[in-house]
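Dropping the structures in below, format is structure tokens.
Here come two complexes built around chain A, the first alongside chain B, the second alongside chain C.
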Partner chain A sequence: MFPQSTVLDPLFWMLLGAIQVLLFAGVNQWAKEHQLGMNWWKWALAGGWWFSFVLTIAGAFTLLGENEGNAGWYFLGFAGTLLVIAGAGLLKVLLVLRDKSQQLA
Partner chain B sequence: MKKKQRKQSKQRFEKLASVGSILLLILAWYLGGLRIADSQNGLLNDLLADGNSLQAISAGLYQGHSKSDTQASEWIGIGSGIGYGGPMEVALTVSHQGEIKRVAVLSSKDTSSYLEKVVQGKLLDKLLGQNIKTSIYVDAISGATLSSNALLQATNAAADPVRKQLFGFTLTEPASVILNFRWLDIVALLMFALAVWVSKTRHPKKSAFNWALLLTSMGLFGFYSASLFSSSTMGIFASGAWISGLGNYTPLILLLLSAGYIIAYNKNIYCQSLCPFGAAQECLAKIGNAKATTFKHDFFIWFPRVILLAALCFGGYFRNPASFSYEPFGIMFGMVGSLYLFVLTVLVVITSLLIRRPWCRSLCPINAMTDFLKFNKNWAKQISKQRQKSRSERAPEGTIIATQASATNRSEAL
Partner chain C sequence: MVDKKHSEEAAASLSRRNFLKMGGIAAATATVGAAAGAGFVAGRDPDANVGWGRTEAGKDMYFNREPFRVDKAPCLNIAGPIERPEWGDFLFNRVMSMGGSMHKDGWKPNKDWQQIPDPRVREYYSRYPERWPEMLLSFREKVKHDANLEKHRDRFALAWAYSGAFGTGLHSNFPPVPTAHPDEDDFKWVKREPMEFQSPAHASKLVKQMANKFGMSLVGVTKLDPSFVFKNMMRGMPDWGEEIPKHWKNVIIFGVPMNWDPMYAAIGYSTSFDAYYRVKQASGLMAAWLGELGYAARPQFPGADYEAMMVPLAIQAGLGEATRNGILMTPEVGPNIRLAAVFTNLDLEADKPVDLHMGHFCESCKICADSCPSGSISKADKPDTVVRGYKKYGFNQDSCWRFWQQGPSETGLGCRVCIAVCPYTRKNNWIHALVKESDPRDPTGLTRNALLAMQHNFFYYPDAENYHAEWSGGNFASYHQPPEWLRSENYLKVEKTWEYDGNWEGI
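What follows is the complex of A and B.
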């Protein structure tokens, strides 16, 4: 990431890790506000989706960095689009389940 | 009053645009014909060894000989095969012993990405060195089977006149166009008939039937065969390339049925119940709870029309409508197309999650085609009505009297 420095690299990744904690804490709060009733499998799906999303971006930019321009853009476009669709599907499932549980209550 | 004047001037402009577009297409086609004659001669000369000159012997057969020697040093044969978008022409240079020395594709109506696959798969290189005494065969390139088969068929057809000249026999027979029809073409007819029924029925489950049709179409004409019709199919139809044979008739059948139904009933059945890309957009709209939006600005009406006209004109000029196809269908259903089309497909797919059928409402050429057909049909109707009116106005009084008199005579006779 920072080829001229030995300190900035670990600092950068530690900062990114800290942002992940903030992100999940924010998502937890948002899910509570929208009464999504998150349980273990819903968290597993949401976490899995986020992990795949991050991996796709990392993979695509690694390819771009290795001068594999076409492969990088195709990977980002193909896997990224599938993930966006999967994300929209996951959100729909979460909202539908919330509505159903509210109707039962 | 002003509104009426504006409407009239708009109609006048649309009439001019309609006639102008037809004239532009004819002009592009004519200029393309001039260009192709020049480029083919150039390609044939390039096939010859340095210093040799070309002499036509018969249709599809040329002789190459050095300027000092009148004896033929090599033979050039030209033949054609049936590709996805129509005939593909190939020229071969053959030695006296019957060995293929050089191969060139003179013209092709296939999508350039498929042809690139064939060239990258080194199919042309594999042909070099083969002897034309026997039928020429190499394995097709997977993912570009139709283009590979067309190239092989054209190579064998190109070898035939040389075979006849050198060895006194031929190996290929002209294939019937009917052989190019497949089971999917019959399915297209059936699906269209079902779509007509669904559009007319008042069954309570009409919507479910329509969904079933859309999903089946997405599977069959989309992901299985990628044979949905596009601007290139319109170009192929306009060019008449389909008469001599096509690798895949399904898109043309769907186009003709849809256009015929629009002309007869003013209704676009294809987009409503059969379009695989429309089905994909509908599925995405369901996932993302997309809203139906209409783009009312004139730009969204005229821009797709101009793009379609440009694509058809360039397709006609370069005699290859498939190369100027700008729809995301190839990428969506077969991952075939340029990076620009890939970006467009990604944009359309993601937008489909938020807006219902964004492609259909913005750039789809089928809307432009539907508007063109409907407008010209109404115009023709208007003209025939005006003619009838003026005929009845012009009819002399005597004619009416005569008919009245003949009618009274007839009743008296009865």
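What follows is the complex of A and C.
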């Protein structure tokens, strides 16, 4: 975020890493409240989706930053739409599995 | 009392839960913002400008070629008897000779190439008579170029000043152009008996480090292959045959990219002179350094001071591959590279060529051919011609030159659109670094196909005609719009009367 900066750049990445802990705690709380019954593969899928989403945004904005405006927006629109659909699908699966486990209980 | 304690605990737990939930949302929002911000500045980061702008040690800007070394360059396919290039094959020889005939002898170019005074130029057009109309047109187009240029100085003043500054540096006499027999001239800086290296490998290792220290971004070593040495020409000698001096044993070949942002803004805002100046100086420094250690050296440098063809020698030294537009393509800077070399009698360990599958990419890409404003690059699916025994894509150097003469550079020299639009011409930021590392390692071609689909569908390329100057039917388009520091309206008292056609940040 702060290229060539001796202090700000490492601080930025440390802060961003710390924020991910807060993010995980928050998502965990939401998941508990909605009784999603998160296990290792559900976490892996959710984490993978989040990583891809963030990477897509970073990739699109990198293209914008290097003056590839068209490519940046198209990439965001294309990959972003696919990821939003995939994210909605993943949420649906998590909710369906919760309903099933509640029915079984 | 117990109830109160319970309700306090419940309230605390609720507020902790709410804090975590809201904190999670805030963290997610901040992360998305940070990804966008970090991505944007990574794209803007001048540290992604591979080459002389970065530290010479800059480890991650170099591509590790070792896993891709091969004995034979995949792009140097022999399909007929090998012939050495002729004097007339070198465009600048023809152009300079015809210029001399016009100015000194009053010759006027006309439709009949057989009336060209210099028999060596005639020999070339006897082989390619279909190219003469393009060369003829170039003379007329240059007149038009010169007549229209001043009208556009307000717009291009800073770009032309930048180019002109390097042009002045480029035309200084260092290293000096040879003036005597190579057996004498190449030894003019030799100060002592040769100091022996521990081994050719030691010599190569040090020579490469020296090239970096002299400001070069990429360097390789190869044996001098006679098939790429011009016949019938030798600087400093009015007459020369086919002889190759015995002390021309090895080639140290190196290069730097042109400054990235002007290069992307080809034609009017770009220049080759910046990189030419740097590689020329480095060739002189390398020659002088070799002389200090007792070795002969023959620098080869731009604009036109060569006895051999640089691109195939660079391919043999493993700097990259040949591609559709005929330029050297490197993994670090694509075709955005300018080369110089030094021939020497120092024993060196040669590098091997590389196979990075660039040829496969070119087969389906064709972006340079579609963008070329003069239609000089072949659009064939596979290499479609044989030149001096090597299979390659057809390239019409005369129509390319015609376009140089009509394009919106101050000197009428250079275009560089095919370099700017090439998907390999990418800075060293994280997305391109990932791509350049994965594509050569992907045997399925999936990476290549995905990239090409993106290149063809997501990226904006101005129409080929739009790269032309207004005086020849275009709108001065460039692949990228010019950088802030080359826009005269940002610094000079000029009235902006133009719009830019080219890629920009899109925000």
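Throughout what follows, the second predicted complex is superposed on the first by the 102 of 105 C-alpha atoms of A that agree within 3 Å, B and C clash if a C-alpha of one lies under 4 Å from a C-alpha of the other, contacts with A are read in each partner's own complex, and residues count from 1 in each chain.
Keep this in mind: a contact is a pair of C-beta atoms (placed from the backbone, for glycine too) under 8 Å apart; a residue touches a chain by one contact, two chains touch by 3 or more.
Please read all numbers here as calculations on a predicted model, not as lab measurements.
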Would chain B and chain C fit next to each other on chain A once aligned, or clash?
-> fit
Applying the touch criterion given at the start, work out whether A:S101 contacts chain B, chain C, both or neither, answering first, second, both or neither.
-> neither
Of the two partner chains, chain B (first) and chain C (second), which one does A:I85 touch, if any: first, second, both, or neither?
-> first
Kindly classify A:F61 by the partners it touches after superposition: chain B alone (first), chain C alone (second), both, or neither?
-> second
What is the contact status of A:Y74 with respect to chain B (first) and chain C (second): first, second, both, or neither?
-> both
Hey, is it chain B or chain C that touches more of chain A?
-> C
Check whether A:Q35 is in contact with chain B, with chain C, with both or with neither, and answer first, second, both or neither.
-> neither
Which superposed partner A:S5 touches (first chain B, second chain C, both, neither) = neither
Which angle, in steps of 10°, is spanned at chain A by chain B and chain C when each chain is reduced to its C-alpha centre?
-> 70
Have a look at where A:V27 lands relative to chain B and chain C in the superposition and call it first, second, both or neither.
-> second
Look at A:I19 in the shared chain and tell me whether it touches chain B only, chain C only, both, or neither; answer first, second, both or neither.
-> second
Chain B and chain C, minimum CA distance [Å, superposed model] = 5
Interface residues of chain A shared between complexes with chain B and chain C = 70, 73-74
In the complex, chain C touches chain A at residues 17, 20-28, 30-32, 34-48, 264, 427, 429-431, 454, 457-460, 480-481, 503-507
Interface residues, chain A side, partner chain C - complex = 1-4, 12, 16, 19-20, 22-30, 33, 53-55, 57-75, 78
Within the complex, which stretch of chain A touches chain B?
-> 70, 73-74, 77, 80-81, 84-85, 88-89, 92
Residue set of chain B touching chain A in the complex reads 284, 287-289, 339, 342-343, 345-346, 349-350, 353
